[in-house]
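Note that chain A is present in both complexes that follow, paired respectively with chain B and with chain C.
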Partner chain A sequence: MTIPHASRPRRGRSRAMNRFWADRAGVAALVLLGVVLLFGALSLVWTPYDPTAQSLADRVSSPSSAHWLGTDNTGRDILSRLMQATWTATYASLLALVIALVGGVGVGLLAGYFRGPVDRLLSQLNDVLMSLPPLLFAVGIIGALGPSLRNAMIAIGVLLIPRFFRLTRITTIEVMNEDFVEAARSAGAGAGRIVGRHVVPNILAPLTTQVSFAASVAIVGEASLSFLGLGVQPPTASWGGMTKDGFELLSENGWVIIPPSVILVVTILTLSLLSDSLRDANGR
Partner chain B sequence: MGHITRAPEPAAHDDVTPPVLLDVRGLRVEVTQAESLISLVDDVSFTVAAGETVGLVGESGSGKTVTSLAVMQLLPRAAVLSGSVRLHGQELVGRPRRELDRLRGSQLSMIFQEARRSLNPVFTVGSQISESIRRHKGVSRTDAWARTVELLDLVRIPDAGRRAQQYPHELSGGMCQRVMLAMALACEPDLLIADEPTTALDVTVQREVLSLIKEAQLEFGLGLLLITHDLGVVAEVCDRAIVMYAGRVVESAPVMDLFDRPQHPYTAGLEHSMPDPVRHASKLGTIPGTVPPAPDFTDSCRFAPRCPYELPECTMGPIPIETTAPLHDVRCIRAGTLDLSEAFYA
Partner chain C sequence: MLGFILRRVLNLVPLLLILTVIVFLLVEIAPGDPAAIIAGPDASPDAIAAIRGELGLDRPLHERYLAYVGNAIQGDLGTSFVTSEPVTDVIVRRLPRTVGLVALALLISVIVSIPLGLISALRASSIADRTITVVSSVLIAVPPFVIAAVLVRYFALGGFASLPAVGYRPMSDGVGTWLTFAILPAVTIATISLAELTRTMRGSVIDAMEEDYIRTARAKGLGHVSIVGKHAFKNAAVPYVTILGLQVGRIVGAAVIVESIFNVTGFGQLGVEAVLERDLPTLQGVVLVSGLIVLAVNLLVDLSYGYLNPRTRTR
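Up next is the complex of A and B:
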């Protein structure tokens, strides 16, 4: 018996990855999203002005060489605030996503793996969660815990659980019925191994699509709640809060509302494009 | 594969009987349906010795697969299993799951009909084999990989080093079945259960895979339980065969005996429904009717409605399985009194 030259486990780009990289819209969306993220991350180390420093002399101005994106009601630099708000949105959507993923995927795996009474109970609870009116539920949670970014994102994260639960549960059931799971069992794989090695890798593709979509929902949710004053508290900048500042100034100056609205729309559009091409690349 | 060709009879039961590896006694599997218990398989007893090949034969719905899953202790939770399954004399029924997980793969292995579907599509075949090796043997990643390539070479996969890095969809069906075999052999099991391993393959590939399984059996000295509905395969590779019908064993005998002197009308019918170029050029026997569904299983002879030799006594009470010749067991009250050579030729 000859042992062929040393070979290693293959680590390469999968077909789905190749398909994704071939999709121009998807790659453009990814690049744009990266730019937005960098823009926000930059605020951690540098902003043109202090985003919370007021200067009543420079109140409500349109773009100028000193303030590229103008100033708001209390003379704060909009560009600096936009950078800070971008970071806020990033952090907020990540927080909501983590809650939604841990809750939805974790519980969905349990339900899909064990089926039977466990599945029935969890599915019913999930249905209850789905039947709640989202905005009222969010307002309720914030009412109970107090208005803050963290509480707003807990509310949104919980509201996002059902979509992950359903997706995870059904794809898990699908994978559990595959022959290779039975083959793995017959080779002595226990529950942890089957879930970690066989179920999760096979449900990742639909999940990535859903994550990208849920991120946009989380951002819109955060913006809505901040617009209502239930999310990010002043003076910290957020897209929703800045939109509200601009909204109140509409009769005085039409510019202030534009930068936060544009970045919000562009980001949501980018995330939708990204989830579209992820879905195409994954073939579902 | 229709024509029966016998390999030289291995020394199975003339001098020293090899130790019994698998001993199944009074196996019964039941499921609840509409608040009543339905038995899928009952009173199934057989043994497999080390180095022996036992065929488990029957139509669809006869309980072959349920029996094999019961041996593996892989039945769904809803199924109720009773009776005894002993491996090396140790009872498997009722063992804690953790212990069973340890046994499966290391002492008991199984390969399935649809090899490609039995492989995880998102990992390379090599990584799946070495995963199994690392799990049961606790060796390093590099050693496991080397062993993987060695095993793929053993099952005659050309260019094993490169093939190991491919995904299941890049391999042919026969190749996938070899990979499954390599995976099943990875931890040198004592018993291999092959559930219709060649049914989904091209006839030309079937033979290769079968001879590979036989070779592996010789090399590792494993007991082989081969589940199939292809009597040609049984004739070719098995030492003994167990014929199942509607959840029960109806006949069990050494293969030569079974083919030359079948004693159960069902066995005879199965044999006559196989193309035999020597005896009957144009006539193919058929067994009219189908296997009854599990809820309709009776205590008396379940084959009676399809049997041309049915007597009133056949449906009156339970029919025990009896030994009519050395190593030859039959579940038929008319066993030995019938001339079955022309059974089922309409």
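Up next is the complex of A and C:
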């Protein structure tokens, strides 16, 4: 990294970082999110029981010393399933975020850099994508590709593209009008250099806020689609699928639905808290 | 005003074009040959080829697109792969149930959010305002199926009431019967937009109350009720209606999951069934019609600006 070019955005970012670390709610949210992530990652190496092992003798039980969070309708250990489901949610939302970021930021840079007819076409496309009912559109894509976690996250990723597109496009246009871009251009910098050295560093800060928000949309999307049976396929555990199992048992047992619902709501609240404090720290 | 309406309607043309292309392409990106799906696993290559010809799948892409749009304009959305029934008929049969639920949900959202937003705005930073704000933020984070579970637990399986937990009765069975079945799904859908609408109402009333025309109204001796009701409220209505319009897309989408939870055989449930049965024409029809509904609502919202704020008419 060469100092003269990098110094402008870096100074801004570190000031934002200082503001973020001073915000107790934001730091607490980050720590809580880390705990949830670790809880899920742990399932890769260890769970108390096999998350898919059924035991009809232990069908539907409330928390006990053998099963800390009880068992579900086929006697599977809820704690083990919750750990696996947490990993599923992490993996799924990362997949959707990568699709949304690559698509939205890439296309947004194109539209913002070139303007003109390219921009008009892409913006129109974006408007249509935003006008479609999100969940139905996801159902459409999954219908075409077939129900699976990967296809569900492709659908959610595509749905999140407009958020990143709009943000990237508008920020790129703003940055392109700055004097330092004009200066770089007259010094002979090409498109790649202008975008890489000047535009991208300036859109990183507003993007972090959107990423945190988009992660919560991806998690709710994955859970909703898995609840409908269009996402994660059984017997693999997911928050949405476990909530569905609990919902069907509601008249028999009110406990089974609680663990997946609580972790889902807490994670989403944490992400929204995090994106609030990131927004404050970035001054936007 | 007529020119304003005409311009807004013309704006829809490119949007409609892209929407139909997306819907048309849904079948194109689907792996596998639709003709083979219809023909079944044991069909001979000749039988599959015959079905391909019948469906027009041997024609070039742009011809098929134009044929699809041409038929769609005449109300023909193709034939279901599964039931061989015209897709339009199925949609016409299923849509009223969803429209009923969505309308009831919007009504609940509006009836609850306007007074809550007004209380929050006029008593800013009071305990009532803070409670409303905190509850709204939490509600935004709760997915609809969790809300549904709580409602079913307490209002269907005893606790506070014993409403029917699942199922649906049409309005022709009596409005009261319809309401007992529709109320829980509708409240579930309503909570999705309720929080955001309350926040918007609060914010725009607070902004409006700081405007010069409020001071003028107060100076000429108007009472509090008429200041809030006539001046602040009407001006706060513009952002509120915008957000309300934006909610319709989310609400129609949420109807998919809520119908599935409460086992309402509506339009959203039709989409889910179409996915599970690989019924591509029905799926296309569902996505197209829901896109059209959202575009139509957005148009109405645009036009309402002309009424609520005459300045926008000239733009």
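One rule holds in what follows: the second predicted complex is superposed on the first by the 271 of 284 C-alpha atoms of A that agree within 3 Å, B and C clash if a C-alpha of one lies under 4 Å from a C-alpha of the other, contacts with A are read in each partner's own complex, and residues count from 1 in each chain.
Definition applied: contacts are C-beta pairs under 8 Å (C-beta built on N, C-alpha and C of every residue); 3 or more make two chains touch, one makes a residue touch a chain.
Source: prediction; values computed, not measured.
Novice: Which partner does A:R185 contact after superposing on A: first (chain B), second (chain C), both, neither?
Specialist: First partner only.
Novice: Considering only the touch criterion stated at the top, classify A:G116 as touching first (chain B), second (chain C), both, or neither.
Specialist: After superposition on chain A, A:G116 lies in contact with chain B alone.
Novice: With both complexes superposed on chain A, which partner does A:R193 reach: first (chain B), second (chain C), both or neither?
Specialist: first
Novice: If you stack the two complexes on chain A, which partner ends up touching A:N177: first (chain B), second (chain C), both, or neither?
Specialist: It touches nothing on chain B or chain C.
Novice: Just chain B (first), just chain C (second), both, or neither: which does A:S65 touch?
Specialist: A:S65 contacts neither chain B nor chain C.
Novice: If you tally the residues of chain A touched by each partner, is the higher count for chain B or for chain C?
Specialist: Chain A has more residues touched by C than by the other partner.
Novice: Would you check which partner chain A:P201 touches, where first means chain B only, second means chain C only, and both and neither mean what they say?
Specialist: Once the two structures are laid over each other on A, A:P201 reaches chain B alone.
Novice: Which residues of chain A touch chain C once you look at their complex with the stated criterion?
Specialist: Listed in rising order, the residues of chain A that touch chain C are 124-125, 127-128, 131-137, 139-147, 216, 220, 223-224, 227-230, 240, 243-244, 246-247, 250-251, 254, 257, 261, 264-265, 268-269, 272.
Novice: Please name which positions on chain C make contact with chain A in the complex.
Specialist: Against chain A, chain C makes touches at 14-15, 18-19, 22-23, 26-27, 29-31, 137-138, 140-146, 148-149, 152-153, 157, 165, 249-250, 252-254, 256-257, 260-261, 268, 271-272, 274-276, 278, 280, 283-284, 286-287, 290-291, 294-295, 298.
Novice: Could you please specify the touching residues of chain A with respect to chain B in the complex?
Specialist: These residues of chain A touch chain B: 1-10, 14, 116, 178-180, 182-190, 193, 197-198, 201-202.
Novice: What residues on chain B touch chain A, complex-wise?
Specialist: Residue positions touching the partner: 72, 74, 77, 97-98, 100-106, 108-112, 114, 117-124, 126-127, 130-132, 135-136, 145-146, 149-150, 153-154, 159-162, 164-166, 180, 183-184, 193.
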